[in-house]
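Read from first to last, the chains carry the letters A, B, C, D, E and F; within each, the first residue is number 1.
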Amino acid sequence: MKRPSGRAADQLRSIRITRNYTKHAEGSVLVEFGDTKVICTASIESGVPRFLKGQGQGWLTAEYGMLPRATGERNQREASRGKQGGRTLEIQRLIGRSLRASLDMTKLGENTLYIDCDVIQADGGTRTASITGAMVALADALKLLKKRGGLKGGDPLKQMVAAVSVGIYQGEPVLDLDYLEDSAAETDLNVVMTEGGGFIEVQGTAEGAPFQPEELNAMLALAQAGTRELFTLQRAALSD
Amino acid sequence: MKRPSGRAADQLRSIRITRNYTKHAEGSVLVEFGDTKVICTASIESGVPRFLKGQGQGWLTAEYGMLPRATGERNQREASRGKQGGRTLEIQRLIGRSLRASLDMTKLGENTLYIDCDVIQADGGTRTASITGAMVALADALKLLKKRGGLKGGDPLKQMVAAVSVGIYQGEPVLDLDYLEDSAAETDLNVVMTEGGGFIEVQGTAEGAPFQPEELNAMLALAQAGTRELFTLQRAALSD
Amino acid sequence: MKRPSGRAADQLRSIRITRNYTKHAEGSVLVEFGDTKVICTASIESGVPRFLKGQGQGWLTAEYGMLPRATGERNQREASRGKQGGRTLEIQRLIGRSLRASLDMTKLGENTLYIDCDVIQADGGTRTASITGAMVALADALKLLKKRGGLKGGDPLKQMVAAVSVGIYQGEPVLDLDYLEDSAAETDLNVVMTEGGGFIEVQGTAEGAPFQPEELNAMLALAQAGTRELFTLQRAALSD
Amino acid sequence: MKRPSGRAADQLRSIRITRNYTKHAEGSVLVEFGDTKVICTASIESGVPRFLKGQGQGWLTAEYGMLPRATGERNQREASRGKQGGRTLEIQRLIGRSLRASLDMTKLGENTLYIDCDVIQADGGTRTASITGAMVALADALKLLKKRGGLKGGDPLKQMVAAVSVGIYQGEPVLDLDYLEDSAAETDLNVVMTEGGGFIEVQGTAEGAPFQPEELNAMLALAQAGTRELFTLQRAALSD
Amino acid sequence: MKRPSGRAADQLRSIRITRNYTKHAEGSVLVEFGDTKVICTASIESGVPRFLKGQGQGWLTAEYGMLPRATGERNQREASRGKQGGRTLEIQRLIGRSLRASLDMTKLGENTLYIDCDVIQADGGTRTASITGAMVALADALKLLKKRGGLKGGDPLKQMVAAVSVGIYQGEPVLDLDYLEDSAAETDLNVVMTEGGGFIEVQGTAEGAPFQPEELNAMLALAQAGTRELFTLQRAALSD
Amino acid sequence: MKRPSGRAADQLRSIRITRNYTKHAEGSVLVEFGDTKVICTASIESGVPRFLKGQGQGWLTAEYGMLPRATGERNQREASRGKQGGRTLEIQRLIGRSLRASLDMTKLGENTLYIDCDVIQADGGTRTASITGAMVALADALKLLKKRGGLKGGDPLKQMVAAVSVGIYQGEPVLDLDYLEDSAAETDLNVVMTEGGGFIEVQGTAEGAPFQPEELNAMLALAQAGTRELFTLQRAALSD
């Protein structure tokens, strides 16, 4: 098997995490997984949604979008269609759950973190790139919140999370699928992990033939190795 | 560990599959997983969505809903809110992908199958019950389509699919979570399988602590055993 | 004239009222008028809409829906269309007005009753079956509210209401039209009555030729006799 | 009993029907029932809705609206709320059904008539004024269509229709309720009739106590006399 | 050059401003610029939008609509389409900004003025007619508010505003374009002015060839002269 | 007067036009006016909107959006609100009209150009930056269309357009307002010009006091000089 990009089966694309990409947000990151490019911002607002009021804890919510021409063919703008599609809602729910897993909400105080992931160029793996990049934007926003004196109860960041896609391409498990692979893969699996090696989310779909337990385990092993690299890259970006 | 229902860790709830539950649809099933009750219908319409026109193949699409008082507290009716929520869209996309995996679309001709899963009483596991019940409604609709002479290219049903939820409850893997378990589970995993033992969908979420590969494997084993029982029950229902 | 069902002109279909049909709602009824089947639930929430706040009285509001395949041809799901149709809104406004006529709101306290009528199988007369069934669910919910100590001002139930359709079919007045009759009727009249024999709602439409006063009176007489039977059936169900 | 306006129980308000009120529509009428003022236009477009294509017959559809400040308190504009309310949909369905009853669609050819009724000032009875005025606009539009040679199959106008409200006010049946009476009436009944004295629509609602058959008959008699006057006024307007 | 209407280049259409056109609104004007007819109402409600609460000042907001058959071809009703179009939003934002320029909000108290401009017949220049007519309705509403004792801080009316369209038609600048001119004009310019001769809004669009500074100045001069006449007509109407 | 940025009254911000910013679109530009950054893409699709079918000419349509955190405070995402706001619609209509003025549609063939302007960072002047940058993306898309053989009738690009904002800040006319100036300006004027020195759009608004003809002329002179510089920068970018 030869990957279209020439990468080894367990090789990530070239990853770049650029902090402070835009100037207004409390955390702002451009994350690039090869040609997939996502602007991830973390915004802090005081107050929490109604269902949490008065409980002394915080919240995090995420939204996801794609510029209409982030893709090979132009997609209709969701704002002009008048609603977000099912795929968009599914992805932003995943981003939100994943990042909430990194936080101890009781230490956040009654603050809400808004994560916005906007894909400016898509080449496969936009949801996992979003999670990985937004984690860094979130860490930056928390630092700023601490500096402003908004964190009284200790650091709410329990653990970093990162995400990567894996799949079965031409019968073999591969890491970090690009668009060419993704559209031809037999199985597609998105994995969100913690730095400690636990799973936060595992979402696998057989596009063609069903997949077997051994294949699942091989893909998970690739994802574990891949996220270890991503954690290193996140840490490196944050220490710049 | 004691399950609230007193069931063994690997024990399904009492499952009932009632065919011909309503009279109009080509396939109509009431599926009950304990107190979770879902009406699943399969409707046949000739023609296909625009993106498939002229390709000589069929399509299947699924929708999911809940009666407002299917749950302990009344939920606002989605039709009066003016949109389906993210959870609804996520579930109906899952049902659609899962059932499409059971079909050879090229043998279906230019027909569209509409699957409707409407929860009339919810007690956990509505999405997996929906898939399991809708599979039977779909099989009935295909039989009728064949009888009417609408299937020229052979049987489009490649394989049965069934689905079940598994999870980690009080530290132990359990099969087929009811609402009490579901709302307290550390991890929640929905698994869609084929009769041949392959995975169609695996969707796991850590609600609290991350889960480990061993836990994932233990849950998958429970799901495999559980779906084997479900396939037996589907076959029994279809042979009545 | 021979009715398609073979019934006499003044004969109701077989009526069944099953209480406690689902487990979560304060009142839950499956009502069947022949092949027309509607799940009616009554839910109690404390508080009232803004326009009633602080007046010490309660409110009742109703919603109506149909499963997409309750009918001979599948209807598009209103939740996915993004709005309720005019027919739906018209029916749920009728149900709400009719049931409010049964209550003394000042004795209800600041509570809101939500009535949900969801048609799982349609064969004509869904709106009148809904009112007749929801009346029983409402009575059950009020009993529960009383038991919970939520009714301080005496029984808010002033009078039972029931509803039935009548029409002119092949030139003759008939009671309780099924779908075959309904779609061929010259005139269609829905009547909501109180147990005391008064009219709450009278809604008649000439589908073909205009109808004359004598025809209207003949239809109203059928409706009076029909609702008398329905009140008996409601009382019987409530005394089980 | 004294009516707030000083009118006799069987007395209509001052009625005015002004044809050619605006210049663009094929039929355009300002109808005034006392202080209730409605602009009714009839527009002709060639073609019919999809469900009628190729059947050689026409269609009529109606829409209804109110200027935001047609009423004592400003109502939110439905266009800015993003949807028409239930009351609006109910009224425009009634207007459409009533005017369709005046036409022989097979003589209309594949043309669609759009009726628009826009209330510029409301003082009770807007739906019945709309029907009565729109009937005249419709007659004008048909004349124009005939003149243009668009009617090959004979005159599609089978019969004129007119509508009026009646009610029980302070225990007595009265004709053509204004807002003061309407908001205090025990029963409110809208009646649509043909010139031949038949009923097209009868819609009665008990606002307080249920109404009795004798009361219904008394109200219907008032409506019959009232619509007879309205037919005279429509004819007079059309012969100007 | 000959204008289709035979008017001189600097000649307004026949302008009529009818006060108290409908009875409910605090200010109600029918404004006619030739065949363009707009009902303008000003409604007063106590309270202000959230972003102004507690600042002791008022607000004004405007909405604009067209009856479906105000135009030569019927337009779909925005309420039934479920949203206001871009043109509508643009116009109502313009009306709102223009009329806010006439007020000293700090003298208005915590009151909101709702301006509704509804075009009942369109023949070009509806937005400028709306502003000119709504100014008079606004003045009437303020008088009433004063009379009711609702103005403690002095007169909030700083200055009258009026608006007119100008354009380049067949190479020459003309005042107050009607529909025939508007649809053929090379340039279309809407100008909102104060009685003191200052500009509030200048919105010019080249429909064909770009326009030159000299043309712009010639058009602005026409607009200045035209609005001077309009101020005279507004004053005359208000002194009736 | 001292501008917050220290610029001279007639000095543009630092302008950068980066072509081929993303890889999928036929034309893709990042335009920066100081800290205002907009991604502008031009997409080509064959076919035209219904109202132009069969006329042998093309069309251009534009959409505009802002990332939620492009601004100092986070704005709600329009896709999740379910509609585009009035400001957005107004801006995208302006962009569309402006760029259509650059084209001879009859030479474009039956193709549609979609312009998407998405603000990733806002600091005043986003609409004028969008027009200026999208002009370059459009030129690139036309070159590609020509290369692909899609332009049979000659070059559809009649003239370049560019846009800039001017205003009255602290009593003096200034060019290219940034956010600090914009939010404090007495008058704000957006000007779209052709390379030949004609005006395409002039949109001026008095935020505080009305502006006078002399002020308008002074602002227009600044805009003329400013757009001359912008045309030079566009040409330079296109010749890279």
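The criterion applied here is as follows: a residue touches a chain if its C-beta (ideal position, glycine included) is under 8 Å from a C-beta of that chain, and two chains touch if they have at least 3 such contacts.
Treat the numbers as computed from the prediction; the structure is a model and nothing was measured.
Under the contact definition, chain B and chain F share the contacting chains A.
Listing every chain that touches chain B and chain D alike gives C.
Averaging C-alpha coordinates per chain places the centre of chain A 50 Å away from that of chain E.
Averaged C-alpha coordinates put the centre of chain C at 28 Å from the centre of chain D.
If you average the CA atoms of chain A and of chain D, the two centres end up 59 Å from each other.
Touching of two or more other chains is recorded for residues 82-83 of chain D. Listing every chain once round the ring, from chain A with chain F next, yields A, F, E, D, C, B.
Contacts from chain A toward chain F in the complex involve residues 22-25, 28, 35, 37, 39, 41, 43, 45, 63, 65, 67-72, 74, 77-84, 88, 114, 116, 118, 120-122.
Taken together, the chain C residues at the contact with chain D in this complex read 83, 86-87, 89-90, 92-93, 97, 101, 189, 193-194, 196-206, 209-213, 216-217, 220.
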